[in-house]
Structure formats: structure tokens, C-alpha cells
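For reference, the structures are reproduced in the following blocks.
Look at the two complexes coming up: subunit A is in both, with subunit B in one and subunit C in the other.
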Partner chain A sequence: MSKEIVRYIATRFGQLLVVVFVAVSVNFIIPRLLPGDPVQTALARLQTSGGAANVDIQAVSAAYRARYGLDAPVWQQYINYWGDLLTLDLGVSFANFPEKVSTMIGNALPWSVTLLAVATLIAFSVGSLLGARLAWPTAGRGIKSLVPFLMVLTSIPFYLLAIILIYFFAVVLKWFPPAGGVDTTRIMRLDWATTYDILEHAFLPCMAIVLGNVGFWALGMRSQMVNVLGEDYITFAEAKGLHPRRIFVWYGMRNALLAQVTALALSLGSVVSGAVLVEVIFNYPGLGSLLYVAIRGQDYFVIQGVVLMLIVSLAVLLFIVDLLYPLLDPRIRR
Partner chain B sequence: MAVDMTQKPILVVKDLNVHYDTGKGPAKAVNDVSFSLRPGERLGLIGESGSGKTTMATALMRLTRAPGRIVSGSVELDGQDLLKLSDKDLREVRLRDIALMPQGAMSSLNPVMRLEEQMIDAIVAHVPNLKRPELDARVQQLLKQVGLEPEVARRYPHELSGGMKQRAAMAIATSLSPKVIVADEPTSALDVVVQRQVMQTLGRLQDGLGAAVVLIGHDMGLIAQFADTVGVMYAGKIVEIGPVRQMIEAPKHPYTKLLVESLPGIEVKQALVGIPGLPPPLVNLPTGCSFNPRCPFAFDRCRSETPQLQEVVPSQFAACHLYPDHKELPPLPARATRELHA
Partner chain C sequence: MNRFWANLRRNYEQGRISPLLIVGLGILLAVVLFGLIGPFFTDATNAQVGAVRPRRPPGGDYLLGTDSQGRDMWTLLIYATPNTLKMGLIAGFIGVGLGTVLGLIAGQFGGWIDAVIRVISDSLLTVPAIAILVIIAGNIDRMSTFVMALVVASLGWMFTARTVRAQVLSIREKAYVEVARVNGEGPWEILFREVMPNIMPYIVASFVGTVSGSILAVIGLEALGLGALEEMTLGNTIYWSQQSSAVLRGYWWWWGPPIVMIALIFIGLFLTSVGFDRFANPRLARR
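Presenting the complex of A and B:
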């Protein structure tokens, strides 16, 4: 590895740390800017609405005090807060007291990460390949007739797609379960039945995310590819007598993908928020559903923990894309 | 290298027509172009911007893209018509028999591939089964021929200067010793010193290969130094073609005359002259001779009948109605000269 690459990675990692630092600090400051005591208020509200009848107020208060060291000066609290975070102590849930927020996030995270990663990867690769084919001069009428369909797909909101899918494939046709991550009765084991169960439940949410994104990637790739195919290096590649397939992949797609990866980095935020909605609709046991339930139940620490988690994961994802980019484009390796 | 005029031509272009389909109808960017090229011959093609030089060059290798369309004609390379070949045969002919250095060679290299990969790509497409060491040796040899250092092979295009990119494109174009090299304005983005070096390299390579060259440009001076034969294009047609000395000393077509006049002299500080008027729109060419709206000699016949190329003096052809009634191009009328110097 050259010195330049090391410096590039170090810079990007520095940026990641800054984002995490800011996110954590904001997460620390905001509750302290609110008038009164948000935790007390939340508890009081829960109590009156009967939503947390089984919560032991004393215990929660104690946990809360212990957590923030309320009598200490603010800087001391800030340091404690960081200490807590580094030991993965994100506080406790009111609704499921005394379950730890870190445990809840730990349970939800794998579901979300797998669903989102697989769906985004499928949408990105299928969309990009489709878009590139659409831009290629020999694209037939069959594939070209997909364009209006793709345009419609990009304009349908995620939640609507999810609802349509549930209606047709779960309610009417009953091919797939309408909600959840596994059968409620399933005992999780590493066997074929469990895997099948998980895949069966993941299929519709995955399809919702794929369908919601594939049009965006296909149309984006199409316009990039059209630009690239107009470049002189494509003419020269043809003049070299290269096989069209080689030109398509290594001279065309390879260059058009650069802009797609930039778009991927820019759209990660909306991809994640879209996935949160899909999880909620499918009641999928991931971070999105966790956040949704926590907001409805005003489960303060859970909300804080999940939001922090989402911001940090976004930052990490961006960092990964940033690392990918110089591998694709030699011009920014310096 | 002297051209053996008794040899039979290697490239014969006949009545080539290339149109761009536009909303207003077809733009006739190449209009009934015919010429031929002998082995080792250097043909310089000049013409104003938009006269159809690039369109012609790309059509020679059937690289024309929509909205462009080769309407009719033939391009015979060594007896076989490239316009009739199957796609597969055409791919084999490209680079191996006829190579193109495209206009804007600056941007002719794939920005995400190392130069050596792009060179190897070209070789492997025609000579499969070569081992990596053989390919590497071939790359080194080609780079040396165009005056590039061996380590340039590992670089990406953005790490090369303009002159180096041009040389790299030349190395690729000559990598399979083609019989014909079409160089479309290979030096237009370079400074004068580098221009000369690149042209010298091209000349040396061409001599070594014995290849015929079509050199396209709009700099009459540069073309005159390089070419044996010069063709002048106007509005998609070759209006005059002939040996370089005759073309400059005794042009026959009024347009060539005006082009030569517009060459800035070196000794005498001369008012820069141009050619009054603009080239005609290709979608809507004037009837008769396309040059008639700008021609100082235009008479009635020019506005009704399209002139064909005719041999005015041995091996010099012009498409103009002044011949064969005249032997020479008459002196430019005073009005035209005044306009030119205004």
C-alpha cells in the first residue's frame, strides 16, 4: 500500500470519528436542553396512561441517577456518558424494565443489517445491470418497455409498495407470511427449517426494498451509461476491435459505476429511513420496529440508543463506501 | 518513403455517403466521397470545422453511430468491402488492418485502466493465447517505438501529459502493424513543439510499417509538411485532391486557393485573412456547387449543376465548373481580395 492510500484511509477514518463524536455529543446535550426532566415527565405520562403499570418507578429513578450521576458537574456527566457508551451501556428500557437497551439493539441489529444489506445489494446490482443494458445500442424493445414501469416504481413510496405486496402475496395469495421475522412458535436453531422460516419471512420486506430502489438505480445507471458510451474511449475501444461484451463491462459499466457508487453514498440516508418504514409495516424484528415501538411507548433510552445506533451505522456505511471508491477510481487515490 | 504509384491501391473509397438524421431531415455530412490510397501513401485531409472529416474517418471503420448512418458507398481495404463484412470479421479487421487514432486522443484512453492493460486488451483481442511475459515485452517494445519510458505502462491516463497520451494512442493504433492508419487531428490539442515531435514519431512509425496514413487536420501548414497528397473537404465533399506541392503552389479549386491564401506567412507580417461567409447548412445544401454562395467566381451553372471531380492537370482533381474551359484558376477578382483583407 502506498503512503497516499494510507493517508486517504486515515483521513476518512478521522471523518468517521468526528461524525460519531458529534452524534454522541448531540445525543448527550439535547435531553439536557429540554426544560424539566424528560425522564420524569415520560414516566409520569406512562403512569397516567397506564402504559407502564408494571414499572417500578423507584428502580428506574435509581438507574437513571446512577446513569447520569445527576449531582456531578456537566463535564463529569459527559465523561461518564462516554464511559457508559464505551462499555455499551445505553441505559434501560422503561417498557421492558429492567432489560438493557444494548441487549435490545443487539437483538434487533442482525435482522436489520442482513435485510438491508441483501436488499440494497440486489437492488443496486440488478438496477445497475438493467440500466446499463437499457443504454446499450442493441437494447431490444422488450427490455426498453421496462422503462415506464421503472419510472412508476421509483415514484411509489416504500410503505405503499409494502402494503400492496402484503395484500397480494400474503393476504390474497397467502404465499408468504404477512409479518414478523420468524414463526412466533419457532425455536431458533441452526437448521434447515429455521433458515427456510427466516427466508420466507424476509422475502416480502426484501422485495419491498428492492422494488422501491431498483428503478432509481436502473434509471441512474442508464443516464450514466449513455454519457459514458458517448466518450472517445468507447470509440477507441471499438476501433481496437474489442468484443462488445468486453467494451460493455470494462469500458462502459466500469466507468458508469463510479457515479452510481457516489449516488449510493448520497442516498444511504433515505435507503435506511425507507427500510425503517418497511420494517414497521412488516413488523420485522429489526431496529426500525424497535424504534417505532419505543416512540409509541415513549421509551426514552431506547429511542436515544436506536437513533445513535442509526447515525453511527450510517457513518460506518459511508466510511465503507469511501474506502470502496478509490478502488474503483484511480483518479482519487492520490 | 516514396510512394510507388504503380502499386495498386490498398484503400479504395467509392461514393461514400454518411447522413445524420436530424429533425429537419438528413444532414449530409459525407456526400459522395471517393478517393484511394496506395501502400505507404500519406494523404492529408483538410477542411473547416464541420466539413465532415471526423464523420468520414469513423465511417471508414464503420464506427458511425446513431444518429449517423452510412447511406451508401463502399470502403474496400485490400479488395474487401468493410461496409459489407459481418460484425465478427469487421472486429478482426479493425486495428489489425486499419487503425484509428480518434479525434481527441486526449480522451481516448479508459480512465480506470492502466495503460498496459489497455494495450494488452487490444493485442489479445486479435492474438489470443499470448503469455503474459510475451505481452509485457510487446508493450515495452511498442512504448519504446513511440518514445515513452517503460514505467509509463503502469500508469493511469490521468498520470500522463497530453503528448504522452497522444503517443500512447499511437502505440495502441500501431500495435498490430496495420496497413492503414487514420489519424484524426492527432496534434490539435498540443503545443507546437510537441506537435512536431508527435508528427515525426508518426512519420517514423509509418515508414517502418509501410502503412498508408490518412492524416486529418485543419492546419494546412502542418499537413503540407507531412503529406504526399492533400485532399480538401468542403461541406461533406472532397472538392480538390492532388499532390501536395501542386495543391499549394497552383490550387485549382477556388476554395483551396482561399485556404492557401489564408495561411499566415512567416516572413511577411500579413493581415490574417479568412474566407468570407459561413459553410452551408448540411441539411439544406445550396443547389449546384455547395461553395457557390461564397465563391468569387460563381456563375449561373454553379447554381444549377453539381460539379464532379475532374482531372485538371495530371493527378490533380478539382470539382469546379471553371474547368475544363480554363487551364488555370483565374486571379481572384479585386472585390474578393478586398473583402478578404477587410
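Presenting the complex of A and C:
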């Protein structure tokens, strides 16, 4: 490995560490800026909102004080906090008392990851293909008339698209179920009925994310293609007499996709933000809904856990994308 | 004033003012006027809980129907729209201001301070904003539209900082800056008299983007129920319609109009930003 690539990886890894550090510290500091200690505040709020009448507040509070050493100096608490996180101890839920936050996140995570990964892949590939097609020199009027439509789609937040989709396809037409991840009466088994059930419930949320993103990728790809097709090496390829389609795909699209992958890495954060809200609107059993229920019930440790999970897992994912990037772009590998 | 119109006309004839910019600004102007003029023709008390008969479909006395808490949707929309825009604008100003200052500092002084600002802004750009905003907003006891704007602005400066920094670095190398330096201008004079005027277009462009991003974040937080719930805003209207399952119960007039209004705001901002790019960068206009 050359010196540059070591430096490249080191920089990216540094960025990953900064994100994780900032996320953990923000999570630690902000609740402590308020008067009183965080657990007391959270429990007091819980009590006033009547969120958990069946919880023995005093017992929980005492257990937490002892467990998290809230009487210790702040720096000690901070170190303990890191220690807990490194052993994946995210505390327990107030609302579902003895249940561990890590278990709750573990249950929700597969739903979110699958939904988001599938939807993003579809939006990215369909959008990029569509964008390339739009940049094709002889693109017809029919396909060009898609552009304003795509512009409208990109500008509407996709959780609002979700509401519109539910109304038309679940309430009016009744083609798809309006909410949830599976039928409430279903016993999860590995068979066709269960798979069909899951797919049926996932379709509309997935469509909301895809529709909300496809325009972004198509418009981005189109402008990248226009740039790339103006480069000298395209003229050179034409002068060599290569087939136009070969030039378009292997000289044009391949280079334009590089910028698209960079954009993917930069936009994943906002896609996740939007997907959280899509899950809320569909009551989909992923991290977004878990966060929403926790916010409603002032379930302090669950909120913290989900937020950390979102930030850290995305940072790790971006790090992996960064590691793969030199494979796509040889200029970095040098 | 005459010179202003002459300039405008010349720009239009050169194709720098694209139809996108005109349509975008037109939509935004219409939305703003809706909120400014509307209150003269409506009775504000109709937007209060229990003021009118609940769950009426549009038509008759109620142009856009009423929600299940007994509020007139048309009146609600007139008062909610400017509130949402206001939050976006405040957050936009603060975010862009902060970003400009940080970008100028990073670009002008370089060294370790540049490295720190760059690493933090690059890292924060990739974080799902809603996650951090939820922690901040969730810990604020008394939420108001202004506090909401502040919260959102705390994550609205990175893009501006990046753009400004890159521009400062490139402009600093230009010949006219060199001339100014030889003429004995100090670093602050160079910054404000030579560099600043040339990065204004970039600042305006990132302002449009920041306002759009801020409104998106505000509506997202409000839809999660973290907004100032007693205030009339578009995001809160969505939240209340969700709380009452308005979608499943078929009250489309409850969530439909705010969504249309939000969509209009975003489409207007998007077209303005695309159009403005062509204005600020004449090379794009010729395509």
C-alpha cells in the first residue's frame, strides 16, 4: 500500500472517531446542562405526563443513581458512560421497565436497515439510469417532460409523500395495509405467507422513500453526465470512431457514477432523517417508530440509545463506503 | 432605481435570469402574500380550538373544512404558513451567518483552526441531523418558534462554512488580491474589501439552501411532536392530524392543505436555488 492510501484511510478513520466522539459527548452533555440530574428530570417528566403509572418511580430512581454513579463527579460519570457504551450497555426502558434498550434496538434494527437499504438501492439505481437516459443527446420530448415532475418530487419531504401514498393506496383503494410491519395476528415463521405479509407491509414505506429520492439521483446524474460528455476524452473516443453507445456507457456513465457515489455518502444522513419520519407515519416497527414512542413517553434511555445507534451506525457505514471508494476511483489509489 | 431596472433588463436579455428563477420567486412571493394579506379577511379566533363545528368537510361556511378539534383549516393555514416561514428564515440567517464567519476564519487563517473547523463541519454534514436535533429539542422545556429556529440553526451552518472557505482559498490567490496586498492593505481590509464582495453570490445561494433545509428539519421535529405545540405551524398541523389518525379516517382536508403549502414552499425554494445558480454562474446559463 502506498503512502497516500494510508493517509486517506487514516483521515477517514479520524472523521469516524470525531463523529462518534461528538455524538456520545452531545448525548452526555445536553441532558446535564439542565438543573437536576438527568434521571430525576426524566422521571419527573414521566410522572407529570402520566406515561408510566405502573412504574415504581422511587425504586427505579434509586437503582439508577447507584448504577450510574450520578453522585460522582462529572468526569467520572463521563468515563463510566463511555465504559457502558463500549460494553453495549445502553440502560433500560422506563416505559417497559426491565427491558434493556439494547434488546429493543436489536429488535427494531433489522426492519429499518432492510427497508432503508432496499429503498436506497432502488432509488439510486433507477434514478441514475433515468438521469443518464435524460442526458442522452437525442433524448425525446416524452422523457424530457419528466424533469419538472422529478423536480417536484425531490423538493417535497418524503414523509409527506408517505401520507399521500397511505391515503390513496391504503385508505381509498385498499391495495396495501396502511400501517405496521406485519399483520398483528401473524405468527412469524419462515414461510411464504409471512414473507408475503412482510413485503406487502413494506411496499408503501419503500415507495415513499424511493419516490422521494429518485428525483435527486436522476437530476444529479443528468448534470454529471452533461459535464462528463463535454470532456476531452469523450471527443477523443468519438474521433477514434467508437460506437456512441459504448462511449456513453463506458466513458460517460462510469465516470458520472463516481460523483453519484460521493453524493450517496453525503446524502445518507438526510435520507436516514427522512426515513425515521416515514417509519413514524407508517408505524413501521423500526428505529424511527421506537424513537417516536420513546419521545412520546419521555423514555429517556431509549431516546439516547436510538439516537446514538443512528449516528454511530451511519458513521461506520460511511467509513465502509470510503474504504470502497478507491476501488472505484483509481486516482485515490495512487 | 433606473439603473437597477436597466441592469435587470440586460441580465434578462443575456439569459442569466432563467424562467426557473422567476417561477420560484413567484411561488415564494405568493406564499408570503398569502400569510400577509390573509389575516385581513379572516377572523383569527376561528383558528382556536373549539371555535367552529368539528370535522366539517370543505365547502359552505368553511372553505377548507374544519379539524376534529374545531378549528377552521383555512384560517389555521393563513396563520400557520408565516410562522413556518419565519422559523426557516431565522434559522437560515443564523446558520448562514455562523457558517460565513467560520468559513472566513478557516479560509483566511488556515493552520490548525482551519483543520478543526473543517473536520467538524465535514463530520456533522454526514450525521443524520434529526438524531442530534431530537436530543436537543427533547431537552428543552419551553419550546417556542424562536427557540425551534435556534435549535435547527445549530446544525445549519456546515454547508455555508464549507462553501465560503473554498471560495476564500481560491480568491486569495487572485491577482487583484495580490495587488491590494502590495498596495499595503492589511488582512482585515483584504478580507472585507476584496474577498467578501466576491463571495456574496455564494452566500446568497447557500442562504436559500439553508432556509430550505431548516424548514425541512423544523417540520420533521414538529411531526415528531417536539415543536411548540400550542403555536400554529404547518408541522404542528401535520402532527395533530397524525395524532387523530386523520389519514385513516379520511379527513383529507386536514393534512392535504398543509402538505400542499409545504410542497409549494419547497418547490419555490428549489426553483429559486437552481435559477440563482444560473444567475451567479453565467457559464451554466449558456447551456
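Descriptive notes on the structure:
Note that the second predicted complex is superposed on the first by the 310 of 334 C-alpha atoms of A that agree within 3 Å, B and C clash if a C-alpha of one lies under 4 Å from a C-alpha of the other, contacts with A are read in each partner's own complex, and residues count from 1 in each chain.
Rule of thumb we're sticking to: a contact is a pair of C-beta atoms (placed from the backbone, for glycine too) under 8 Å apart; a residue touches a chain by one contact, two chains touch by 3 or more.
Quick caveat, the model's predicted, so the values are computed rather than measured.
Annotation for the three-chain superposition on subunit A: subunit B and subunit C fit side by side.
By the document's definition of touching, of the two partners only subunit C reaches A:178; subunit B does not.
Residue contacts after overlaying the shared chain place A:27 against subunit C, while subunit B stays out of touching range.
Once the two complexes are laid over each other on the shared chain, residue contacts for A:243 go to subunit B alone; subunit C is not touched.
Within the superposed three-chain model, A:281 lies in touch with subunit C and out of touch with subunit B [touch as defined at top].
Looking at the superposed arrangement, the partner reaching more residues of subunit A, out of subunit B and subunit C, is C.
Look at A:329: by the touch rule set out above, it reaches subunit B but stays clear of subunit C. With both structures placed on the common chain, the touch criterion links A:232 to subunit B but leaves subunit C unconnected. Using the contact criterion defined above for the overlaid structures, shared-chain residue A:125 touches neither subunit B nor subunit C, since it reaches no partner.
Looking at the shared chain after the overlay, A:156 reaches subunit C, while subunit B stays out of its contact range. With chain A used as the common frame, the shortest Cα distance separating subunit B from subunit C works out to 10 Å. Contact residues on subunit C toward subunit A in their complex (touch as defined above): 119-120, 122-132, 134-136, 138-139, 141, 216-217, 219-220, 223-226, 238, 242, 247-248, 250, 252, 255, 259, 262-263, 266-267, 269-271, 274, 287. Within the complex formed with subunit C, the subunit A residues making contact are 14-15, 18-19, 22-23, 26-27, 30-31, 33-34, 151-152, 154-157, 159-160, 163-164, 166-167, 171, 178-179, 226, 265-266, 268-270, 272-274, 276-277, 280-281, 291-292, 295-296, 303-304, 306-307, 310-311, 314-315, 318.
Residues of subunit B touching subunit A in their complex: 58, 61, 63, 65-66, 91-96, 99-100, 102-113, 121-122, 125-126, 156, 158, 169, 172-173. Across the complex, subunit B is touched by residues 137, 231-233, 235-243, 246, 250-251, 254-255, 258, 328-331 of subunit A.
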